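Take a look at the structures below.
Heads up, the next two complexes both have chain A, just with different partners, chain B and then chain C.
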Partner chain A sequence: MSAAVSHYSKGFWQLTWRRLAMDRVGVVSLIIVLMFFMIILFSAFGLIASDWNHEVAINDAPPDLWGILTDKHTSVIQPSSNNTLSEISEPLPELSVVDPLAEDIAKLRTPIDFSSHIIDPLADTLRDIGYSQYVSTDPTTIEKRTSLPFGGDRWGRDVLKKTIKGTQTSLFVGLTAALLATFLGTLFGAFAGYYGSYIDDTLNWIYSVFNAIPYLLLVLAIAAVLQKRGIATVVLILGLTGWTGVFRLIRAEYMKHRAREYVMAARAFGVSSLRIMFIHILPNVSHIVLVEISILTVAFIKSEVILSFLGFGVAVDDVSWGSMLNDAQSELILGHWWELVAAGGAMALLVTAFSLFTDAIRDALDPKAQGAGA
Partner chain B sequence: MTADTLFFIEHLSIAFRRRQRNPFIAVNDISFAIRENETLAIVGESGSGKSVTALAIIGLLPNIVTQIPVSSRIMYHERNILSISENERRKMRGADFAMIFQEPMTSLNPVMTVGNQIIEVLRFKRHFSRTAARQRCIQLLDEVGLPDPERTTTHFPGQLSGGQQQRVMIAMALACEPRLLIADEPTTALDVTVQKQIIALLKKLKARHQMSILFISHDLALVGEIADRIVVMRHGSIREQGDTSQIFLNPQDHYTRALLQCRPTIDDFPNRLPVIEDFLGERSRVHSDIVKKTIENRNPPILLHADKIYKSFFRHDGLWRKYEIPAVKNISFTLRRGQTLGIVGESGSGKTTLGLTLLRLRRATQGNVTFDRQAIFSLSDQEFLPFRRRMQIVFQNPYASLNPRFTVGQSLIEPILLHRVAPDRKTAIEQALDWLSRVGLSHDVFYKFPHEFSGGQRQRIALARALTVRPDLLILDEPVSALDVSVQAQILNLLKDIQDDFGISYLFISHDLAVVHFLCDNVMVMRQGEATEIGNIREIFQNPKSDYTQQLLDSIPRGILSHA
Partner chain C sequence: MIIYIIRRLLQIIPIMLGVVLLLFFLFNWVGGDPAYILAGKFSNEEQIANIRHQLGIDRPAYVQIGIFLEQIVTGDFGNSWSTGERVSEIILSRLGPSLTILLPLLFIETLLAITLALAVARIRGSLTDRMIMIFCTIGMSISILVYIIVFQYLFAYRLGWFPVQGWGNSLRENLFTYAMLPILISLMVGLAPNLRLFRSFMLDEISQDYVRTARAKGLSEKRILWIHVLRNASIPIITYIMAALPGLLVGAFLIERFFSIPGIGREVILAVERSDFPVIKAITVYVAIATIFANLLADLIYKAVDPRVELK
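For the complex of A and B:
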């Protein structure tokens, strides 16, 4: 039989892969996307960034890509006033350039008694809670870094690790939600397109209902029903609202293929409807499904960011690009730009690479190009 | 090059660049002349380079991929039009040469009235005033024989029939009084009766406008009706050129001879058709007798009996109203074992719908069908399943009838296993391989995908797939009309052989009377869903009772013979 196997000629996917390999932009974007996948795989198994929650640096530690070389350690038995002072006084001149309110803010700040080191009245409490987890036994031994490669957030957590963990959450949410939405859309689309008549009508009514409600309202409604905040909820919200576009596309494809003669031939043999739908027709529309998955992944990564930014996203004890941007919103006013840049940059890189990869794979899958490439 | 030469094509070669491969040579060093006031026909099968040659003359080949050597020349009025600028060539289009295409529907702009499309040409190419252009447009439409030309100007292309659209295309091509009209398969998409009208129209217009016509076709018989001289092309080279009478009566080239004889005619009853290999000696083959076998048993048992099949479609108009469009009206016929019934009709006659209805791929509105003494329309789907094994179908388009993502093997094994023709997978594979060799394909076809095969090979695969379940009845829905003449002959011979070997009954659906004549015992002529005539093939072809059948028979192109 092994001899027989070698007879098989190159199938559709082999030809697609060959065309993709010839597309330079496609290959580069694929490599970037794969790197992101490696990172989230490592982080999912706890090999990297599992300690993103640790407050390893002083509050709002500035970024310093060479932090490792110029490392300084400061003991923080009690958060020293010096740190907070320098933190606040330093960015002020820069701020005045971008923020017309900067001077007012500075005026508001000056009367504050620095011995209490706070702007936020709850900061001390929060700090106590935060510290109690790690520091309570022997706070004197804890050492904190004054700077980090990508900077630190309000509680001194490493922004680099936060970004990696955020990437894991965002990409996971985007990908699983896209898979869920594409699965639902393909399933409904296949039934509606293949059977037509009242099955098509019913599914179209459901589709119209979903499409008639404003998107955010629908999201809020589903969030209210599900009640719990968390990654699973976000995936469900996005998956349940996002299948409509796929549904229309796949439905149209199935209507087209149903009239094709190879489907008629299969029906003439008495092949069951389910087998025709998913063994005969599905491989012929799989390229559309694949492109939809990657388009939706990009769209859902962005949606998750918006949802988290609005506060309907991941839970407080989790991190995603959206929650990072939400944090960055309040940090930015103090001139702490690094969390924004880290989350935004990672998102921009992945979304761009993913979109380019989607374009490349769409070109490679184009049946019309088959003749030219094969 | 004589004085009355209009175009002189000299050593023309055309190649197309391909990615990572050698260029594809579409036309290889051809030379011929188009004289004034003559109809020159280029005849050839698909891939012969006939259309590419026409596009080279009009200058519509894609610049980026086309390579034409400098030694190639197309002389027109002492100038080589291959070397003039695109701007100059654009000025020549319309005025010096115009072109009409195979598909009139796709050649016309669907969102512009036909009047405006012609007026546009007149105004921008010939600088007519608005009123003069309108006048001339109506004149032109009248000249190409459109009824009520004044009203036709306000019609959109979709409101016209295929034949009328082609007339509009011709009117548009005539708008600038071209010296040469290039017609690329202008009647291939049309019904035979319409084809005959268009050919007559072209002949009339050529005489009146003193122009030359370059007529491109795959159909040598058709070309014989219109051409003064014929160029026969194959694989990019000219095989033979000469006057029409010489090509028909005294062909020199083997390929020309093959083309003339591969087509079935309605004048004799050969048992087999000669194929190209017989003439070119490309493959040795025993030439079988040309006398039709007498059928011993004239009345074998009845296999299929259709009783007043009625099928209509419903079109929804608005929310509630729907109206009925009947496609098949009260058709009754009987098909006996081992015999072939031909169903002949033009497009829209309901012949394909009838075939699909018999297989229950479309649900009949009314009527009964008995298959082997069992009424099949009243069975449930589950009860009908065993009958699906016994009734099979082969479709017209071999490019759409095989699943592109299945290997040939997968396509063949599925029905064998579904109907338990073979006890296990291993036997199923053996049977599939047997069927492949039976239809003349090698065993390694089993492991390949459909896109690797030509139209004729795919049709063989589709036939093998239908045969795997050993059906009693095979519905053949235009199985050869998408194929080249030479391949057509091979498939028709194969169909005859298989019927002789296995005693299968055929229901042969076709628009081509000559092919039906070759293959069928009985024939039914359909028109607009109704059977106008049914009976023995010889009787109907020799003295048809209905006018419509007579009209169909008269429309068959007979080549030079019709002149004699």
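For the complex of A and C:
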């Protein structure tokens, strides 16, 4: 019995895989998505981009794809880690339209003589008293690159590495939140659909309440209440608010399956309700769960980016596509477009590939419904 | 009809009660003791006790929920924790700018999306159709933030066609100067998903038998699409628009933030940044009420659009 069941279910997934492999768009998008997963795996284990926080280049280093070959370096006086030396030396763009204080800032910036290495007025004192930062590193010169293949940000950090790290954060948040939301939705949906009556009424009531508040408003309200910022908080917020769509679908499926013969037979055998729900019925609706995880991942990546952009998402010392876009907004006004392109481009590529993959897997799982989604 | 409306109104009560309970739970338990947030970092026990008494949070939970309900009915949520303004005045004064953006946007967007969806549905399967759909898919993948940042930089900062940000006093000035670019950007961002969705609604109808009948009796394609198909496709379209309506009020918050428009959305963000609980609570409650009534209104509009719909 069990052998027959497992053989049949393997056949279903094999058929699905074959249909997916026939879909050229599906395969290409799957490869792109898998590449992103490889990147975040490598980055999570610290194999790549672990040093994204290092200021390897001059501030706002321009992108230069072949610059790595010529290996241009410049000596920069580096008394403290966050000096804005090169930012001052470059010509100032017209800021007056946006920033009413621009003229004052420009006035403040130009006349100061930076030939002296003492930018931090306390640097000498700190060295005297043996402050570690000034003792361990020689404050005179540090080699810095003048350009990076994909450019540098305001503090001279490599945009490519920042993007990889941002990808790790955003994709991780999107996927974990999607798993949490799908888990909750499936659990509630299974109970509501299978048991019906007052359990269904109660869960349906909770669903209506969550649905009555516009999604983004609910997310922001919870963000306001949870003062702590960080990856775990974002996952929690998105996961706890995003389960309603899954609940609706799974509930309808369980109501349908509840009346099927195989469930009645199992019940007649005396199989427990929990076992029927999660061992017997769940595999039959697993394709819906899979598609929902995929859809929610894309939706949550978008939400995370917006939350982090507004400063309600990941912590300040973390990087996500959203916080990159926040940096990029002020950089663009100075004409530094590379961080915007890197973060926006990486996100667009992943989201496009993930959406096309979702369509492909939906068609592959349910060939009868082909074209219905259009 | 009247019985139907009364029954729907009765169904609203438990949902509203749920919303109240959820918000009460969020702001009074998950958020920690509001008195500590309000009192700030430097406070003594006496001050805390005083604030607790003022807010009424030293009383039992059911009394507090009663206070909350009273606040909702009277619209009096007290004063903002950060600016001291009356919450009701904040909301009323922010409603105008939000609507100045939203109403023209909703009108133009719906009209444009329906027209384009019909046009695309007419040439379904052709190369143009597929190109537009691919274009839409890619367009939807780019973050809304990127669109706003780039277009604000390009059209306002670089080319100077529009003011970079700001808001005036007269409706005319706001509508034709400050609201133009925000509306334009929202249109570009919103069109792709709407077009895709509306096209699928149209395609569902185009394969129906009544369309074949209409063609067989020699009606023009234009008439079939605009009269027959559109009428039938209008039900899902209305559902979608009505469901999206209250969310739009908040959904425009990014636009409002970027362009410094003093609307509801920007107020929500400011309130979240400042932990200004009364403002968030009030806006959430009223938007939730608006959502519930929008859903009811949508059902009533179905009946008007399609007499076959039975309200049960």
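In the analysis below, the second predicted complex is superposed on the first by the 294 of 374 C-alpha atoms of A that agree within 3 Å, B and C clash if a C-alpha of one lies under 4 Å from a C-alpha of the other, contacts with A are read in each partner's own complex, and residues count from 1 in each chain.
FYI, a contact is a pair of C-beta atoms (placed from the backbone, for glycine too) under 8 Å apart; a residue touches a chain by one contact, two chains touch by 3 or more.
Note that the structure is a prediction, hence the values are computed from the model and not measured.
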item: Touched partner set for A:Ser208, first chain B, second chain C, both or neither; value: second
item: First, second, both or neither for A:Leu307, with chain B first and chain C second; value: neither
item: Touched partner set for A:Met277, first chain B, second chain C, both or neither; value: neither
item: Which of chain B and chain C A:Arg267 touches, first, second, both or neither; value: first
item: Which superposed partner A:Ile48 touches (first chain B, second chain C, both, neither); value: neither
item: Touched chain A residues, chain B compared with chain C; value: C
item: Partner chain(s) touched by A:Leu334 [first = chain B, second = chain C, both, neither]; value: neither
item: Common ground on chain A, meaning residues reached by chain C in one complex and by chain B in the other; value: 373-374
item: In the complex, chain A residues that touch chain C; value: 97-98, 205-206, 208-210, 212-218, 220-227, 302, 305-306, 309-312, 321-322, 325, 328-329, 332-333, 340, 344, 347-349, 351-352, 355-356, 373-374
item: Chain C residues within the chain A interface of the complex; value: 14-16, 18-19, 21-23, 26-27, 30-32, 137-138, 140-146, 149-150, 153, 157, 160, 164, 199-200, 203, 246-247, 249-251, 253-254, 257, 268-269, 271-273, 275, 277, 280-281, 283-284, 287-288, 291-292
item: Residues of chain A touching chain B in the complex; value: 4, 7-9, 11-12, 260-262, 264-271, 280, 283-284, 370, 372-374
item: Chain A contact footprint on chain B (complex, rising order); value: 18-19, 356, 359, 361, 384-385, 388-389, 391-393, 395-397, 400-407, 414-415, 418-419, 444, 446-449, 451-452, 462, 465-466, 469
